[in-house]
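Just below sit the structures, each encoded as structure tokens.
Each of the two complexes below includes subunit A, the first together with subunit B, the second together with subunit C.
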Partner chain A sequence: MRLTTKTATLLALVALIALAPLFFPSAFYYRVGALIFVNGLAVTGIVILTGWAGQISLGHAGFAGIGAYACALAPVHLGLHPALAILLGAGVSAVLAWLVGRPILRLKGYYLGVASLGMGILISMVLNNERDLTRGPDGIDVPDLGLRAALKTAGLDLSNGEFWYALCGIVLVLGAWLALNLHDSPTGRALRALHGSEVAARTVGMDVPRLKLQAFVISAVYASVSGSLLALQNRFITPDVAGFMHSVEMVTMAVLGGVGSVAGAIFGAAVLTLLPQMLTVFAEYEQLVLGLVMVLVMIFLREGVVPSILRKLRGTGE
Partner chain B sequence: MSELLQFLFSGVTVGAVYALVALGFTIIYNASDVVNFAQGEFVMLGGMITVFAHAAGAPLPLAALLACLGTAALGVAMNKLAIEPARGAPVVSLVIITIGASIFIRGAAQLVFDKQIHSFPAFSGDDPIRILQATILPQSLWVIAGAVAVFTGLWLFFTRTLLGRAVLATSNNRLAAQLVGINTPFVMTLSFALSAGIGALAGVLVTPITMTSYDVGLALALKGFAAAMLGGMGNPKGALVGGLVLGLLEGLTAGYISSQYKDAAAFLVILGVLFFLPQGLFGRKSTDRV
Partner chain C sequence: MTLLSIEGLGITFGGIAAVKDVSFSVRPGEIVSVIGPNGAGKTTLFNMISGVYRPGSGRVVLNGEDVTAMSPHLLARRGMCRTFQNLQVFQSMTVLENTIAGYHLQESGPVLADLLHLPASRRRARAAEQGARELLRRVGLERAAEREAGSLSYGSLKRLEIARAMALQPRVLLLDEPAAGCNAVETEEIDHLIAEIAASGVAILLVEHDMKMVMRISNHIVVLDHGEKIAEGDPATVSRNPAVIAAYLGAEHAAG
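And now, the complex of A and B:
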């Protein structure tokens, strides 16, 4: 029996998430793992937008910021449970993406990149400046999700690190599963078709701007949920989560691993999350190395690391 | 009245800098269709190299010249090492390459120079000049004069010299230009050198007013890019007008609305332009129906 890419990706992902803790030298790595999963989730959204629909966004961190601050503010000001705040953030992000994307995606070219760049920076500016609400650049505390305590009373006692590792891992698998289903659905096929040739897609009757808009909204929701999980996990959030550099990081992770494949993107998220952890000794060189990696990968492995390697393997194997 | 005039002066000064950065975007975009997000780093290098060359004992004019030439050389190196090898790659990849290059340059500047904020003395002293009821710094006049000189010089270059016309021809149609014997790789090199040199000059001129450090490039790149978009990507006249309009908007926002949100002006402009005027003020009309 041949495994489909979808099943293979999901099985590999579940196995990796389940088995990796066996090799953790210390509890600290649960935290690193959870960070990888959070980034992987946001990057899966980028795969849908950039890899399949062929649009670039330079402001996705803005949606992560909305998700994160929804979890910080809604429980305090609106009395929402943090879990519902995640949904609220996702809803706000989706509406905003729809409003921004609708006029922009009718244009050809890289305009979505430009518009999302402006939108992302405006969001981070509001988070920085509205001190009365967000406490500005110093950051703000985020309420507890409460799920760990609930699990404890139900008899499952997890450490904080273990809990977030498991929860983020589960959400990532869910996110990857939804994305892979989308990939094989009529909408997913239509998206990839328009990436291949917009003219051809239009000729066979596809509503190209609408499809792109769908991809943008879906990927905004991914980014928002990822921001929410980051905030709830850290119990603290600063406006940096919405900053331009965070947007660039998301795109870089996706492109590094392979923007066309969910597995590649998650791999990219893992590498770029681990890199700064390993470079802490050389903190001075972090930017230098990050910039160099971005340039070299784009020149020598244009499809990204994972698809390039897979192609090599298949080339020799068949 | 005097208040308004004061805001206009400061608006025109920053506007001239944005116009120069936008011009840098335009030159490279025309030659290669690449949006070079490292444009802001060129401005940063112009300021930083001058600071350190001046501190090492070079007289200010020599230090400034070194900064412009050094940055131009770096622009050429960037083209050869990062852009040319990726020719034919999709837009997303090229955008990421230039962002990667800008992060790399920032990281290198942080190591080679330092993380402090620097400045050097203004060219003609710091005594403000009174015009009507407002004042303007002599250095602001240098910035404005510099921008005027660069735009006039480039206009003459593009319209009056053979080489300049070759650059224009390449930006209109690379293949056709190649067919009539224009050395298009050289045009690319020249564009990167010009663009980096102009960016560095902007950095040299504005540093006595705004000061500089290794991380000023990103904000400048984003503003310059907004100005280029406003004017219409790929149009030098658009870069000039876009830069000035953006600078004035920023000056007026800071003066009358909120200095915290003065930076928001640029990005609201980007969104407004895209929603209502996608080709910018002077951009080519798109023939696509949507």
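And now, the complex of A and C:
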């Protein structure tokens, strides 16, 4: 029996997440793993928006910022449980994406890139400047999610690293599952169709601006949840989470692995999360490396690493 | 009974009239062909009728409703669909998916149901897939169903576009050179297919350069030259019209 891409991707992902800890040289790698999963989640949203719907966002970190600061602020100011703050952040991100996307996506062309760039910068500015609320560039503490303690009383005693590795891994699998469901669903098909030919998509009855908007809102929610998980596991967050570099990082991760494929995007997230952890020099030249990766992929592997390799394998296999 | 009526449609590009004051009408089950030399304005006319271009003047009336410059996706809801002279297939999707896309209006539902893979979403998708496979069989592409559309020959892609348009079960179907790039056998198949669709009551508006095909299957022919309608009538009348012979058939003879 031939595995569908969906089943194969999910099985591989679950197996990797479950088995990787057997090879961890130190407990530190639980943390690296959790960071990979958090980035992988945001990049999965980019796959839906850019890989399938063909729309470019240069401000997705803004939504990660909203998700992160919702978890920092809502428990303190609104008395909301941090878990509910994740949902609040996702809701706010969705509404903002809708408000920004609705007028912009009626226009033809790549205006979303410019508009989202502006939106991202604006969010970043607010987080930096509203010191009374956000404490500005120095960052702000984030409350404990409380789930680890609850698990402990229930008899499951995980270290902090193990807990976040498991939780982020589960959320990533869930996010991948939703995205893969979407891919082969009527909506996913319509997104990929309008990417292929907008005029043909319209003549078969697709409401192109509305579909693009749906993709933008969904991907904003992915970025927001990713930001929330980052804030909650670090117990601390700075406005960098919403910065332009973080937006570029998301797009580069997606493009490196393969912006059309969920597996590829997660692979890209893994590579670009691991590199700076393994090579300290990388941190200094991060921007240079991101740019270089982008250029090299565009020249040599247009579809990204994973789809290119899969195509080669299939080509020789048949 | 008129299903589609074109009333004084015109458009200019950079001050030059590409189509000027063109009127005619189409009834259900009728095949109306629009012919004319290269650059006569046939595709431009289609683009205006199908809402891709906003007409500079005139009206498009579909089933009694003024649908001038209405967005193509709303026209699709009202039963109008088209194919393209310069192929517009979804290249990186499979042939089957391309055809299923034609069922969009029937298969689309709440995006949440799609994300969660709910039974309702699966049911809609499955029904669309069944219909699509049946249509691919009708246009002779069932064996290519799982192939990436971009890998198909030109003639096959033409038929794929027809299948995708048929998926909408349109009341009015605009076909822009459906047989271009097809061999004699394929052309005859497309010919039969068009006649079959018309026989089921669909109004067909056809642009085609293959004169034998046009003369054989059209009920009515509209002749454009330099954006203007220079003649119209049944095939026999039009082919005897001196202006038509001069503008179109003459040009073809000269070229051949």
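Observations, loosely collected:
The rule we apply is simple: the second predicted complex is superposed on the first by the 308 of 318 C-alpha atoms of A that agree within 3 Å, B and C clash if a C-alpha of one lies under 4 Å from a C-alpha of the other, contacts with A are read in each partner's own complex, and residues count from 1 in each chain.
Going forward, a contact is a pair of C-beta atoms (placed from the backbone, for glycine too) under 8 Å apart; a residue touches a chain by one contact, two chains touch by 3 or more.
What you see is a predicted model; the values in this text were computed from it and never measured.
Measured by the number of subunit A residues touched, the leading partner among subunit B and subunit C is B.
Using the contact criterion defined above for the overlaid structures, shared-chain residue A:286 touches subunit B, although it does not reach subunit C. Of the two partner chains placed around the shared chain by superposition, neither subunit B nor subunit C is touched by A:38. Within the superposed three-chain model, A:229 lies out of touch with both subunit B and subunit C [touch as defined at top]. Shared-chain residue A:92: touches no atom of subunit B or subunit C. Within the superposed three-chain model, A:113 lies in touch with subunit B and out of touch with subunit C [touch as defined at top]. In the superposition on chain A, contact of A:140 is made with neither subunit B nor subunit C.
Shared-chain residue A:200: touches subunit C; no touch with subunit B.
Look at A:302: by the touch rule set out above, it reaches subunit B but stays clear of subunit C.
Contact with neither subunit B nor subunit C is seen for A:263 once the two complexes are overlaid on the shared chain.
Within the complex formed with subunit C, the residues of subunit A that make contact are 178, 181-182, 184-190, 192-193, 195-197, 199-208, 214, 218, 260.
Interface residues of subunit A facing subunit B in the complex, by the touch rule stated above, are 50, 56, 58, 100, 103-104, 106-111, 113-115, 117-119, 121-122, 125, 129, 209, 244, 248, 251-252, 255, 259, 284-295, 298-299, 302. Residues of subunit C touching subunit A in their complex: 50-52, 71-73, 75-77, 81-82, 84, 88-93, 97-98, 100-102, 104-105, 107-109, 111, 114-117, 121, 124-125, 128, 164-165, 167-168. Taken together, the subunit B residues at the contact with subunit A in this complex read 35, 82, 85-86, 89, 91-97, 99-108, 110-111, 218, 222, 225-226, 229, 260-261, 263-264, 266-268, 270-271, 274-275, 278, 286, 288, 290.
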